[in-house]
Each structure stands twice: as C-alpha cells, then as structure tokens.
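Shared between the two complexes below is chain A, which pairs with chain B and chain C, respectively.
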Partner chain A sequence: MNSADRPRSAGVSRLSVFLLELIIVIAFFAMASAVLLQVFAKADQLSDRAENLSCAAAAATDAAERQRTLSPEEIETRRYYYDENWEPLTEGSGPPSFYAEAAPEFSIGEAGTLVSFTITVRQIGESRNDEDQIPLYTLQTKKYYSGKYPQSDGTQEKEDVQ
Partner chain B sequence: MDSRINNQRRKEYRSPDTLCILLLLCVFAFSALMMAVFGANAYTRISTQKELHFQRTTPLFYIAGKVRQTGAPAAVRQDQCGGVPALVFTSDDGGEPCETWIYEYDGSLYELYIDAGAEFEPVDGTPILDSHGLSFHLNGGRLTLTAAGQNGQRSEMTLTLRGGEADE
Partner chain C sequence: MNRKLNMSFGTGAPVIILIFVVLCLTVLASLSLMTALSDFRLTEKSADYTAAYYAADSAAEAWLAEVDAGLSRGTLPESVTASFPVTDRQALQVTISVTDGRLRLLEEKLTAVEVWDYDEHLPQFSDVIVE
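So, the complex of A and B:
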C-alpha cells in the first residue's frame, strides 16, 4: 500500500461509516415519526369522538326530558338540531351538524297507552344526505298515559327548533 | 510537497461527505422539532377541548343532581340575591324550612344553604366551581339550564321537575 493513500482511505472510511450510521438513525427516526404522527392523528380523532359521544348522550337525555313534558296529543316524531359545537340551533341560525330525533311508538293497553320513545342522535355528514348520517347514540325511554291514544300519524315528522 | 498534495486531496474527498452529513443532521433536527411541535399541538388541542367541555357541562350536571335530589315543582323557584339571578331549592331540615341557593357570582358557581327567609349577600355562599356564564329558565314543570365555556360556547340542558305538569 502506498504510504500517501493510507490516511486518505482511513479518513474516507471513517466519514462513510458515520454517514451510514446517520442514515440508519434517520431512517429509524422517520419510521418512528410516521408511527407517532398516526398516533397523534388517532388521539385527536378519538378525542373528537369522545366529546361527540358525551354531547350526544346529553342531547338524548335533553330530548327525553322534553318528551316527558308533552301531552299525549302533542306526541309525534320530533327533531332537535345542534350546530358543530353542540349549541342548540334557533330557527335560521345556521346549518345543523347534529340532531336528536325522538320517535314515539304507541302501545295501547286496556287501562292506557304506553308510549316508547326511541331517541337517536345522529351526525349529519357533509353531503347532507340521509345515507350520510352517522348514528352516535341511542336512548330508549317510556311513559305511561292513562288514556287511550291511537297511533294516528306518529310517522309525521315535525321539526322542533328551540 | 507530498504532504500538501495529500491534504488537498483529503479535503476534496471530505467536503461532499461533510456537506451531506451536515445536511442530514439538519434534516434530522428539523424533523425532530416538527415532531415535538405536532405532539405539543395534539396535546394542547385535546386538553383544551377537554377543559372547555368540562367548563360547559359540569355546572349543568351539578345543578341537575340538585334538581333530581330536591326537584318537586313546588320546591324549586327562580329568585334574585343581591341582583344576581339564583335558583332556589326549598327543603325541610328537621321541621325547619331551609333553602339551597345556587347562583353564579364572580366567575364561580356559588351554593348557599340557609334558613328560609334569612338575609344574605352573594359573597356569603361557597364557590363550588368555575363558571363562565350560567342562566336558568323555569317554565312550569320544565327547567332549562344554559352554561357557557371560557370561549363562549354554550351547552343547554332541559330538566323536568318530578311531579310536573305533563303527567296525565
């Protein structure tokens, strides 16, 4: 070996090893970063879902309490609308992002009528189609009325703004 | 002479490698910084969201608990203490009529348990938790509560007072 080549090849070799080591470290870091970014995105998504679920449960309870104050003649399918921050919507105050629907089912017995309400809270998708609505929470509640109330037009929907 | 030529050659070989290493180190440092920023943003967003949700809902659930504990329609009324709107629950404590006053004062939800008819100032109550906008509306057997978070977003809760008017 030429004595002049020795230091040069030793220097190049050291640099190459260091470069290779750095590339491996960065590759490992890139993989870890990809995983962590997914974890962050998932945490954000889960946090949104958890808040929506909590608010949906509160909206369903709210709708159930409202049904309780209705007289039997007033009972029909009702919807209560909320904006993207779960604030109750007043008429014409903006497009809804969520709604709670209380659907009654009448069951007439000998002594009275048992009304079962199925309250479903749904998220309205961006396309605003019925197929694009995501159910978030469902609650069932029942109330007994002493009179007999036929299931006349219980399927007729009425939009109830607060 | 030989030594000078060798040094020059070594520099020529080193400079692209050194530049490459420095560039990679910069990429590494920038990526690490971005990861830290993304992580911090995700954490901040989630904790802020939780805090705001807590501020909006906790006063409502606290009052809902009180209503369900006491809430016959005759035992609940709206009143004022020192110009502050309050919700008053009347109860009987060993034959003595007592009242629980709940109101928002000085950025907090206050509660005061006192003999019925006794005079007091809003500051006499006990602060329970932070409150950033609380209102109540009592209409027959239906009590509507509204609470706001620090960012002004509102939550609403409707409660039916037990033994209310809707029973047929």
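So, the complex of A and C:
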C-alpha cells in the first residue's frame, strides 16, 4: 500500500461504516415505525368506537324518552337520524351517518297495555345498503298505559296512569 | 492559521438517536393506547349502566301493569312501594297510591341499596371539637 493513499482509504472506510450504520438504523426505524403506527391506529380506532358508543347510548336514551312521552295513539316505529358528528338531522337536511330506531310492541293485558320498545342505534355504511349497517347499541324499555291500545276506533278506555 | 473545524457524527451516534426516538414513540403509543382503552371501558360501563337503569324501569312498568290488573279484579296490592335493582348498590324505588280502585304513580327514584353505617369507621383522631 502506498503511504499517500492511507488517509484517503481510512476516510472511505469510516464513511462506509457510517453509511452502513445509517442504513441499518433506517431499516430498524422503518420496522419500528410500522409497529408503532399500528398501535397509534388501534388507539384511534378504539377512541372512535368509544365516541360512537357514548353517542349511541345518548341517542338511544333520547329516542326512548321521546317514545315514552308520546300518547299511546302516536306510538309507531320511528327513526331519528344523525349526521357524522352525531348532530340530529331534520328531514332532507343532509345524508345521515347514524340512526336510532324505536320499534314498539304492544302487549294488551287485563287492565292496560304494556308497550315494549326496542331501540337500536346503527351506523350507516358508505354503500347505504340495509346489509351495510353496523349495530352500535340496543336498549330495551317498557311503558305501561292504563287502557287498551291500539284500538280500532281510536277511543281510549281509561286515562293514562300518570 | 488554517484550522479546520471537524463537525461530523461519530460512529454509533445514529444508533443512540434511533434508540431515543423509538423509545419516545413507544412511550407515546403505549400512553395513547392505554388512554383510548380506559376511555372505551368507561364508555362501556356507562352504556351498561344505562341499559341496567332501563331494565329496572321496565320491571317497574311491568309491576305497575300487574298492580293495575289486580285492581281491575278488585285485589289491592300487597305493598305500595317496590324496589328494582339497577346495580349492586343502586335500586329504583317506585311508590304508588291506590285511590278509588285506581293507581297513581307518586314517586320513582334511585336509592342506595346499602345504608352507610357511620359506626363502621373508627374516628381518626380523638380530639374533642365541641363539648
């Protein structure tokens, strides 16, 4: 080896070791980032699920209370629509992202009618098909009316309990 | 005087920086995942409590139906107060009154199942405050 080439050779060797280390570091960082990004994505997904569940429970409670305050003649299957931020929608105000459906079931007893409501909150998928709806929360509630409903002639036998 | 300032990374410096960055990211990712998970569990508990409350309320409405059916047959209810469990510690208490063969819902409230026992815990200090 020529003595004049020695410093240059050592410099090249040092640079190549540094570059090799940098490549290994970048590769390891890429692998670690891939794993950590998945953890961040999972946290984001969980946070979204928590928000949707919380708002779905609130929407179900709201639908239940609305149904329970109706007079028995007005009770029917109703849907309450919400946008992507869980803001209530009026008819034709925008595409809904969620809805709460309250389905009543009348059970006529000896002296009155026990109405069972099944409130289901669903998320509407992008395809907007009935199959593409994700159930978020279901609530069961009952309300007793002192009188027999629904009646064919629309009359009421007795007054309500409350 | 021709001095050259050498400012280059030594071998091993990128590894140290990498370890520091990955460690920071790992801590942040773990913390955000733990926060999201605890938030989700709390929301689930809240949603379960709502369902439990409405289940107790449904049981109360069914009891009202039963009492009203009894009244229509001329049978007075055994008690004008009924309690329906919501959780292990809470119950929905319903009070009715029966007047002229008709029932009236007087009160519907959440009550604690266990009454706090003041004698259970010993006093933490023996000073006499008021004589």
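Basically, the second predicted complex is superposed on the first by the 124 of 162 C-alpha atoms of A that agree within 3 Å, B and C clash if a C-alpha of one lies under 4 Å from a C-alpha of the other, contacts with A are read in each partner's own complex, and residues count from 1 in each chain.
The rule is short, and it goes like this: a contact is a pair of C-beta atoms (placed from the backbone, for glycine too) under 8 Å apart; a residue touches a chain by one contact, two chains touch by 3 or more.
Quick caveat, the model's predicted, so the values are computed rather than measured.
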Practice problem: Kindly classify A:72 by the partners it touches after superposition: chain B alone (first), chain C alone (second), both, or neither? | Solution: first
Quiz item: Where does A:87 make contact in the superposed view: on chain B (first), on chain C (second), on both, or on neither?
Solution: first
Practice problem: Go through the superposed model and pick first if A:22 touches only chain B, second if only chain C, both, or neither. | Solution: both
Quiz item: Which partner does A:146 contact after superposing on A: first (chain B), second (chain C), both, neither?
Solution: both
Exercise. Look at A:33 in the shared chain and tell me whether it touches chain B only, chain C only, both, or neither; answer first, second, both or neither.
Key: both
Practice problem: Could you tell me if A:47 is touching chain B, chain C, both of them or neither one (first, second, both, neither)? | Solution: both
Quiz item: Which chain A residues come up in both lists, the one for chain B and the one for chain C?
Solution: 18, 22, 25, 29, 33, 36, 40, 43-44, 47, 51, 54, 61, 146, 162
Quiz item: Which residues, counting only chain A, touch chain C once they are in their complex?
Solution: 14, 17-18, 21-22, 25, 28-29, 32-33, 36, 39-40, 42-44, 46-47, 49-51, 53-54, 56-57, 60-61, 64, 109-112, 114, 116, 137, 139-144, 146, 161-162
Quiz prompt | chain B contact footprint on chain A (complex, rising order) | solution = 4, 7-8, 11-12, 15-16, 18-19, 22-23, 25-26, 29-30, 33, 36-37, 40, 43-44, 47-48, 51, 54-55, 58, 61-62, 65-66, 68-72, 85-88, 145-147, 162
Practice problem: Provide the residue numbers of chain B that touch chain A in the complex, in ascending order. | Solution: 2, 5-6, 9-10, 13-14, 17-18, 20-21, 24-25, 27-28, 31-32, 35, 38-39, 42, 45-46, 49-50, 53, 57, 60, 140-142, 153-160, 164-166, 168
Quiz item: Residues of chain C touching chain A in their complex?
Solution: 9, 11-12, 14-15, 17-18, 21-22, 25-26, 29-30, 32-33, 35-37, 39-40, 42-44, 46-47, 50-51, 54-55, 57-58, 61-62, 64-65, 68-69, 71-73, 102-105
